[in-house]
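Consider the two complexes below, in which chain A is the common component and chain B and chain C are the respective partners.
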Partner chain A sequence: MGNVLNILFCLSLLYLATTTRVTAYLQVFVLQSILLFFIVMMPLLNHLSVFTLVLPLTILVVKAILIPRYMKKKIIYELEIKTTIEANIQQFNFLLLSVFSMVAVFVSCNLITKDAAVDPIPFAAAFSSVVIGLYVIIFRKKLIVHVIGFLVMENGIFLLGIAVASEMPFLIELGILLDIFVVVFLMGIAINKISSTFAADEVSALDKLKN
Partner chain B sequence: MEILSKITIYMVFIFAAPLFMGLVNKLKARLTGRIGPSVFQSYYDLRRLLRKETIYANSASFISRMAPVVSFVSILFAGMILPVSFTRPLISFNGDLILFAYLLGLSRFFQILGAMDIGSSFEGMGAAREATFAVFAEPIYFFTLGSLAFIFGRTSMYEIFHSITLGDPSFLVFIVVASISVFFLMITETSRMPVDDPNTHLELTMIHEVMILDNSGQDLFLYQYSAYLKILIYATFTSNFFNPFSMAENYMIGFLVYLCVMLVLICCLVWIETMLGRFKMKSIPQYLLFAASIGILNLLIYSFFRK
Partner chain C sequence: MLVLFYILILPLLAGGLFFIPGGKKLKYQLSLMVSVVHLAASYLIFAGLVAPELHQWFRIDAFSKLFLLILSHVYFWVVLNSWHFLNRPTVYSPDKSTKIFFSIMNLYLFANTLALISNHLGLYWVALESTTLCVAPLIHYYRNKESLEAMWKYLFLVSVGIAFAFIGILFLAFSAHGTDIIEKGLFLSDLIEGSSKLNMVWLKAGFIFIFAGLSTKAGIAPMHPGEVDALSYSPSPVAALVSASLSGTALIGIFRLMQITAGTPVHQFAQVLMITGGMISLLVALVFMFKVTNYKRMIAYSSVEHIGLIVLGAGIGGAALIGSMLHMIFNSLNKTAMFLMAGNIHRTYNSRETRDVKGVLKNMRWTGILFLTAFLAVIAMPPFGLFFSELMIFRGLVEQNRFILLAVILFVLLFIFIGMSRQTFSILYGKAESEGEAAEPKSEKFNITHLSALVLLLLLASAGLFMPAVFTDVINQIAGELSR
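After this line comes the complex of A and B, so read on.
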């Protein structure tokens, strides 16, 4: 069953490479967060208690509700951002690049985890999430898409934490979650400020900003 | 005796092919608020074409005469490899999944040759498009069926499909995902809606229909019939992932499951055709690559999965 969630996680990454809508990017992020919730919940099902439920529920609230709502209302609607992402390279090439890197990541993760007591599939899924989040930041022009790319990367790091540590240091994860929320909040304010003083939501326009 | 029953099943399969298309067209018409043609309209069309005279262009060589026949016969042979019932199909040996792919490839190749042979620029354009999209469609087949072959360690289509059991839930999702990418393949290979609009009459936007513009009479009959057969073959191929014929030992239940899967497929096809518009030509390779990458992902996950 855990495999199924990881397949869906990887598929959502591939979907990032085919879609051209900003809102679809946000929806993929929400889907990934819900998948993360189930992945965290899966091993906890046998010994359910209030204490173990804190982390999954915080993930669900922060990542699947608070951050997407904030981004949708405060950034996408208020700034009237155009719905298409502006790409530096063609979508087809982006997808090809993602697939090749995913294959490379899976093969290398399988080699790395051969002797270690680490489940290779969540490990590889997490790693490819980090890589594709990085590609999103590199190959997209819109600032808001950069924020989502960053969030996808963070999802990957979170999944990596689950894959590597069987016993999760969950206070640290909670701290990370808080940090993420603050970072997204700050990024939102920054994008708001930029667009109110300087009518641009693309990275390419930012190099005209000079003293 | 067994061979006789195999041949009977195969004949039924062949003769039911236009019915599938008729059902799709009827349902599509009802969904858009029209009454639509009869379910048997495809049969009437075929009969009409068979009676008509075949006319060749002045510039046509022997390839134009040969192409429809070769195309049709290779589709017929591909139908013989596909497992449709409880028994082994008519042709079945180790490695027949590669023969299946290349019989369909041969059919397409001759269709492309026939289109180019006439020398019309429109048909050449359609042929170029068909060849381009075929390049992206073939990996879908090999990655999805290849991953199944890899998992079970078998190379014959009948054995692969009869090894599928739906007990394991994680395997069930794998099957559903694989059948979705084969559904993508079916849409591409049979030139249905998101990839190609079969109803359009503007040559610039057509793929499959533009290639057979200059064919008439019996040649057109062969092309149409092979198109009907092709879509039924791919639909059965998709339904085989759910393995209706070995899950239930009972003939009746197996057949009912098969019919249900077919009905679901028809509904999906119709729903997609009414809801979606045609993709831009530019973005079709990207969608095909997406379907192929689903297969790659399955292969990766199941080859690295350690119990």
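After this line comes the complex of A and C, so read on.
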């Protein structure tokens, strides 16, 4: 069951490579966050208690509700951001790149985790997410899409944390979630200001600061 | 535990309380008090006069002592000068920024202290990310286009970078799989003690990710752009804070990793990586020193250069390591003075472009003299401390017979010196091209920024000549930690 969720997580990444709508990007992020919630919940099902529920529920609230709502209301609607992402490369090439990278990640993860006590599937799923998140940041122009790319990357890192080191103390995990929330909040404010101070065609360039 | 109250809880309380609207002056006075208390406490800890009993989440070793003192010292001077800075006439309207300035400063102090004394890399990460969050609004102080872009770049690049550092921390956790370190809770002290039990491949991977990730925040090339933009377009006190103290907070994470790898086969690899990072930083600083047309950006690249030297020295080890720790102290003193003076120039000329600024030495007597002195210190003229620390780094190179590397470094430093002096002398001595631009020579009043820069430079000169024994003790302890 755990593996099914992880594979779904990977498939959501492929959807990122095929869609061109900003809201779809956000929906993929929400879907991933819900999957993350279930992945965290799975091992806890046998010994449920109020204390163990805090972390998964916080993930659900912060990543699947608070952040997407904030981005949707404060950024996408308020700024009337055009619905298409602006890509630097052809959509088909992006898909090819994503697929090849994911295959490479899966194969290499399978090799390096052979002699270690780690499950290759969540590990590879997590790493794919980090890589695709980076691609989104590199190959898309819009700032809001960059933020979503960053969030996809963060989701990957979270999954990696679950895959390799569930030993990270619970308070630290909460601290990380809080930090990410504030980062997104500040980035939202910044995007708002950028769109009101810069002319539309400058926004995606942001190249005033040079040597 | 009482000391922890002074260095950790007090800034947090102050940061929280100041969100209540109230008098700017009161906030300033209280912040100054907090910073004095913090400085006193850090000095007591540094000198070993207070050895607090700590919870296992905290750790105060030689590294924390040194970096805590640097942070506390820089922070004190920055807060002291912030009143003068906030009240000066300016063409921008940063009223909103002024309201939150002191709250954020105090929260920054809290987060930074927490990062320095944490005994858990996860806690360190959370605190480090919090410092980014505190610094971002401060960079945007002027609320204009450039500062907005600088803030966005800093926030985004550093957040992505630190996310990579977190992958590195996870790899480190993974390298401890199956050992008792994990059961104990993955604390730094256990990692350092039990480093031989770690899986070396994962440790290596962890080091690569953490080094690359923290480079964005420390300003090590090629990950430096966010840091350079932030330093050039933030207000001078903030730039001083970021360049002189926050880079150190990122560096301590790298040094912690060196502590863990010391005595393992990975250590040599880590050293090579650090030397490479340091060399790239020096080369990048060299190239851009001839390209920049903005004097604050020039200082920012000088910051990249000196962080590069520190990382390089730490990578080489031996005498160079001691030199690099000294360099850390001296660089923090020098950069604070330099950014404060650059701020004065910026206020008078209202431009950061070198071509708009001429004849500072004539128009702004005190600022000119102090900027020139700080410049002489930054290019490592004796008797300023940076001369002695660079000499130590070179000695470390000679001891290890790395003459080619030494020659390259000397060559690069020479050309950085040429590039930097070209710009600096044009600011200090040049004549305005048209008559209209030539400002009337005004008699500049000696103010608190000049006093601060003077004291900092005097400290820098005297510390080079008479280093107190307690400093050498702590630095020797650090060297011992890294050469187990």
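Structure notes:
Note that in this section the second predicted complex is superposed on the first by the 200 of 211 C-alpha atoms of A that agree within 3 Å, B and C clash if a C-alpha of one lies under 4 Å from a C-alpha of the other, contacts with A are read in each partner's own complex, and residues count from 1 in each chain.
Note that in this section a residue touches a chain if its C-beta (ideal position, glycine included) is under 8 Å from a C-beta of that chain, and two chains touch if they have at least 3 such contacts.
The structure presented is a predicted model; accordingly, all values stated were derived computationally and were not measured.
In the three-chain model built by superposing on chain A, chain B fits alongside chain C with no clash.
Contacts of A:T18 after superposition: chain B is touched, whereas chain C is not reached. Once the two complexes are overlaid on the shared chain, A:L31 sits clear of chain B and of chain C alike.
By the document's definition of touching, of the two partners only chain C reaches A:L160; chain B does not. With both structures placed on the common chain, the touch criterion links A:L44 to neither chain B nor chain C.
When both complexes are overlaid on chain A, the residue A:F92 reaches chain B alone and has no touch with chain C.
Set against each other, chain B and chain C touch different numbers of residues in chain A, with C touching more.
In the superposed model, A:I7 makes contact with chain B only, not with chain C.
Contact with chain C, but none with chain B, is seen for A:K193 once the two complexes are overlaid on the shared chain. Look at A:V182: by the touch rule set out above, it reaches chain C but stays clear of chain B. Using C-alpha centres, the superposed arrangement gives chain A a vertex angle toward chain B and chain C of 150 degrees, stated as a multiple of 10. Following the chain A superposition, chain B and chain C show a smallest Cα-Cα distance of 19 angstrom. Residues 120, 122-123, 125-126, 129-130, 132-133, 136-137, 140, 144-146, 148-153, 155-156, 159-160, 163, 166-167, 170-171, 173-174, 177-178, 182, 185-186, 199, 201-202, 229, 232-233, 288, 291-294, 297 of chain C touch chain A in their complex. Considering their complex, residues 112, 116-118, 130, 137, 143, 146, 150, 153-154, 157, 160-161, 164-165, 167-169, 172, 175-176, 178-179, 182-183, 186-187, 190-191, 193-194, 197-198, 206, 208-209, 211 of chain A touch chain C. Listing the residues of chain B that touch chain A in their complex gives 169-170, 173-174, 177, 283, 285-287, 289-290, 293-294, 296-298, 300-301, 304-306.
Across the complex, chain A meets chain B through its residues 1, 3-4, 6-7, 10-11, 14-15, 17-18, 91-92, 95-96, 98-99, 102-103, 106, 109-110, 120-121, 124.
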